[in-house]
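Okay, got some structures for you below.
Both of the next two complexes hold chain A, though its partner changes from chain B to chain C.
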Partner chain A sequence: MSRPDPAETFRQEARDLLEALEQALLDLSEDHGDRELVDTAFRALHTLKGSGSMSGFDEVAAFVHDFETAFDRVRKGLAPISDALVRIALNAKDHVQLLIAEPGVHAAAGMPILAALHALVAENGVAAPPPGDAAMARPAKTVAEDGSASGWRVRFRLPGDAMAMGTNPLLLLEELRDLGPCEIVADDEAVPPLDDFDPLVIYLGWDVTLRADVPREAIEDVFLFLRDAMELSIDPLADERAEAGSDGADEPADVPVERAAPIKAAAASASKSGGASLRVAAERLDELMDCVGELVIAQARLSQIAGHSQDVGLSSVAEDIERLAATLRDTTMSVRMVPIGSLFGRFRRLVHDLADDLGKEVQFVTMGEETELDKTMVERLADPLVHIIRNAIDHGMEKPDKRLADGKSTCGTVRLTAVHSGAEVAISVSDDGAGLNAQRIRAKAEEAGLITPEARLSDHELFQYIFHPGFSTAQEITSISGRGVGMDVVKRAIEGLRGTIELTSKAGEGTKATLRLPLTLAIVEGMLVRVGDGRYAIPLSAVEECLELPASEVAGTSGRNFLDVRGTLVPYLRLREMFGTDAPPDLHQKVVIVGSGDLRVGLVVDQIIGNAQTVIKSLSRLHAGIGTFSGATILGDGEVALILDVAQLVSSAEQQQRRVSGRNLGIAA
Partner chain B sequence: MSKTILTIDDSPSVRQLVALTLSTAGYSVIEAGDGAEGYEKATTNRVNAVITDLNMPVMNGLDFIRKYRAHPSSAGIPIIFLTTESDDALKTEARAAGATGWLVKPFKQDQMLAIMRKVVGA
Partner chain C sequence: MTETLLETEAVLRGASRPALTFALQGEIFAIDADTVREILDMPAITRVPNAPAFANGLINVRGRVVPLADLRVTFAMDRPEPDADTRIIVIETLLDGEENILGIVADKVLDVCDLEDVAIEDAPQVGMRWHPEFLLGIGRYAGDFVILPNIGQIFADHLNSLNRETN
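Right, the complex of A and B next:
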């Protein structure tokens, strides 16, 4: 196994710290008085400085040191928190990120940021102290004392509790002996009678004659940690030597001083005890998931073989493996789950900056940060959500004066929530802005030839046209939205994640975009059905119920494909027709009712085979354009089954329904 | 038997560096991410010395030192604290709490080893 790279560890750590810093700064922009947030920000900076300098990121350490110095004044209450301060601090945070990403390139760019930061915190007239590196600083010493002598007399007495506090006097004496030959005499004057003797207390004092030409500093260093609490006198031996004549003069003076032995090259095995959690490279998780997918497929084959075999031993092993594979699959999937909060955090900055740029006041509220989703899903949700939030603030949110005129508070709210519902996660972005303009959408849709002027559509239906390619009602193109990347891209991205998106809006009250997503991308429970000779999988989470196709509908090709399900008319699709199947239909055809968003559609199939673990394999690029299928899976017998794209089927059924009702309208008119 | 050092730091990279330095020099290393975890490990393992950061979440270094010193197993165990502050007040406070010595960040590997030799021997 390779040794962890300290630089990489630092980068990961820095990412977390910078995120914590950003969160704290953004929270501070909402609540200027929260001391705890100031402390959090300060601690993040402090740790960043310490570990940066330790990991060799000197630029980062130097910059953060100045950053911290400035921020320290805030912490000490010498400078107030202001929006301006938060903005510059955020810039500084971004700069640190740059310094870490590309060392040696951006150092100069930091100066204006620091200057601005220092100017802000020094507003009350007292300039911030110039940053100086005081690491390993020692108290000033007089030059005269710095001279060395041929020897020293060192007398010392340690504080009584020194031993309890971890000081080992023997080691101190040994260290003195390392400096040169020593005569050590213990002073046992203060040792009490045995009854009063406490083994943890030091009663002895020492008188050491050190015959070595070492600087006084070297001796002081031995007592570095105790100097201010102990009795210590260090006197040059010079005069004593004069008295003693030749005594000691022939002693070697330059004993090699082993202050710092080189680190042994051979790396001893580190017995590091693991913490409660550990970081794992994301690719390894992906590999693991791939393996589990293959295992599930192999296991299905094994089960099938075991099912046909008379061998009891084989069946029991196959059952064990089935159970283990299921546990492994669930564990692996849970390992890949990450809270969506990490994503939400990023948006706070976006909202803050956007609102600033657009001159709007926006409060960003998040709920359900702890909701867990597959890692890949969280990553791929970032861009679509950014787009939706941008739209909400750019188009949805009104300027403060307009809001005031409408009787709303000047500060708008954008709410981002995530909740689990069954095998899905629902994420919604809602704002209390102006809402969608149904008239304008209608006009635009008619202009684009998407609907006829006669078509009667509910507002809700109209809103969904926003997802059509090239459909933008933004009257002016701002730098933020309306750049040609429309909601159709968002919709496609969400559908690529096998999710759905829906818009609801009320004029004057706001807009809400709701995304429904499966928990994971890799494996789903599917319902296996047969249409003609082919087998297909339908994601079980979309299946609502199964019915038999009534005899009255079997032959019916009236074009009115509606089924009466307990009083509700549900449109249905004949998959046999869609797939152009020649094989004779089964006598009793079945209808699988599937739901997507608020809509329900029946799918007519020949046979319902049962549940199946579906390991999703994406289709090749050549088949990317096929809307009806979202992927393929390998069945236990090695055959391939296509996975039906429910969202797509539902929307095509909806279009069919609209065509029919349109025709009927035409007849009526 | 090699001596066991407990390193407490909320920064994984510093912890890793300390652990690497010490284990390379032949010490056994136990790691903890904050004072509370450090206290737990210090009192349930046989440790020969503790190196702790001061500025940490959950339980900071000063509180750790006080709490650990109140536990009988800490008698005679050196505690070295890491600090980026050149602040003498903090040093005095940590000393009063029961720390044995300190090491100013950033430190070089041989500085740390010299300190360890000073307080626990080779």
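Right, the complex of A and C next:
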């Protein structure tokens, strides 16, 4: 095991801090008055600065320092929180992210952001320190308006182990001195006799008289990292108290306690969660899952061998292993489950920025954040969901004046929900915007030659054309969407996750996109079938029923591949033909009816072997393009079987059906 | 990609590493032995319907699903049924920058030799049945010609032709 890389540790820490910062900023944009949030944001910045300079990210530390200085004025109530401020603060946060990701590349880009930030916080007339000059940016130079006095008496005593923890009292005193002229007196009362003296412990306390007109917070900030454990008292100098005014007079005594409270609470919750959970590198989980997958395969082989053997001892061991493998598999899968809320959080920012850019008012509501999904799934859902949410806001949502004219509230709502339903998770994105325009989609589809003007299609069928490659109905192309890449990519991505996507829409009332996804990508119950001399797995969740191929269909009259299943016509595909197998066909061929979305298709196979738990292995690049297969799996006897891609088969059957019906129409006309 | 090819070439030409030699339809081929993971007896092969003949099989290599490639297709050779000498050489190679494990069919695995002893010449541009791009060169070893196939280029070419088909 290698030693942890400090830069990597910082990056991880920064990721969490920046996320906390972003959430706090976004919350602030909804509630401008919440001081708690301002403090949260400030703490995140402060920690970021500290760890940044400690880990050698000097650019980050310098930038965050200026960011923090500006934000400090907000914290002190000197500058109001506004949407503009939140927007720029978010930009600044993004910039920090860039600085961390690619040190040395983006330094210059930060200046305009800082300038804008400082201009904003300086709006109420007080000159802000110029950005980029750390020395000038000290709060000491800003004019304090309340909670300050012309001098302070600061008495502090550090925790005994402070030096062991890396605190240097000299630096603290130095920082105090930076605030203004100081008289420092050491308090040596607690120094023990030499025999009891422990050279690693601090016995000294300090009594500092600071003659400077600085706010109390400036002093507290010096001790920001230590305040929980140390003794600290900050009192206005007695002779100046009267002049300090009534607002400063009654506050000082209780403020330290009060201000320390949120930090303590945060620390407590952090340590609590630290005790109950553990951070694990994602690759290790992947490795574990791979191993479990192989174990499941090996166990299946063992069970098969035990089944053929008369040895009682062997079969009892095989049963034990089977039980253990199942438990291990379930536990491993549950370890990989993460709440989808982590993903939802990211979209708040997206919605906020988009609404801003487009001049729309959008409220973002999320539900079911606690819904758990396999981590790979959550990662791979991010891009498709971004597309869908963008579409909802860019295309779906109307401008406030238009909404008002339609009798809606000016502020639209985009709702993102996740719920478990059986072995699936349903994620839906709905908006209360204008809805899909069926006419326009139709016109566009006709223009693209996808449908004929005579074709009669329901709105629901028309909506499906949105998923067609290169199809976009946005009248003007924006930077956000409307280039016609999007929904087809989304559809493919979702199908790649073995999920489905469905669109419903009502004109004037909004659009809803629903994704249905399996809980995990790694293991799937499959139905094993034989076609010729090859064995294939069909995901069991897609199988609706199995029938015998009627004798009338066996001969294979081409052009009419339909079955009558209790009054419904179901198209079918002869897998023997599709796979070009030479082996002689079975006398009694079977049809496996599979469904994808609303469509059903029959797959004609030679034999249905049975159910098998399959560990999905993705196909290499050499075979990924073939399309009919979504992956491969290893069977109990060690052979490889391909897994059929039901969505792909259904759509190819659909095309075949359309060709046939098109031909029939041609004959009729 | 190019970089890796150059590396492979350098390795073979620099001739500091051993090479694995094997036979395909009477010709002797040599590949960098360091890329070889293992050599297997003929396992059960799962055919991938509608895949080009060059790579239309899958095998199970210790719990991994590994595609099987047949260089005899690339070099336009006959493909008789496997016999007692047929082996699968499992190699590691980069496909589009991704590490991949592949199986290669060999009619017979011969030897591990040091290519230092092999005089390598550039593949002649004329008088050859084979695409010169698919060769790193031709060498002589123990009185025979040895063909050094450019595995990376062969697979890259195959992937390109797949992409062309899908487009």
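Rule of thumb we're sticking to: the second predicted complex is superposed on the first by the 387 of 669 C-alpha atoms of A that agree within 3 Å, B and C clash if a C-alpha of one lies under 4 Å from a C-alpha of the other, contacts with A are read in each partner's own complex, and residues count from 1 in each chain.
We adopt the following convention: a contact is a pair of C-beta atoms (placed from the backbone, for glycine too) under 8 Å apart; a residue touches a chain by one contact, two chains touch by 3 or more.
Fair warning: this is a prediction, and the values are worked out from it, not measured in the lab.
Legend: residue contacts after superposition of the two complexes on their common chain; A:L622 is shown touching chain C, with no touch to chain B. Looking at the shared chain after the overlay, A:S51 reaches chain B, while chain C stays out of its contact range. Contacts of A:T167 after superposition: chain B is touched, whereas chain C is not reached. When the two complexes are overlaid on their common chain A, residue A:A229 makes contact with chain B while staying clear of chain C.
Look at A:K402: by the touch rule set out above, it reaches neither chain B nor chain C. Taking chain A as the reference chain, the count of touched residues is higher for B when chain B and chain C are set side by side. Look at A:R43: by the touch rule set out above, it reaches chain B but stays clear of chain C. On chain A, the surface touched by chain B in one complex and the surface touched by chain C in the other have no residue in common. Interface of chain B with chain A (complex): residues 10-14, 16-17, 19-21, 23-26, 28-31, 33, 37, 41, 49, 53, 55, 57, 69, 75-79, 82, 84, 86, 92, 95, 98-102, 104-107, 109-111, 113-114, 117-121. Chain contact summary for the complex, chain A toward chain C: residues 293-294, 297-298, 534, 578-581, 617, 619-623, 625-626, 628-629, 632-634, 638-642. Listing the residues of chain A that touch chain B in their complex gives 3-4, 6, 9-10, 12-13, 43, 46-47, 49-51, 53-55, 61, 134-137, 163-168, 171-172, 174-175, 200, 222, 224-225, 228-229, 259-264, 267-273, 275. For chain C in complex with chain A, the residues that touch the partner chain are 44, 46-51, 55, 58-60, 63-67, 69, 95-96, 98, 100, 102, 155, 158-159, 162-163, 165-166.
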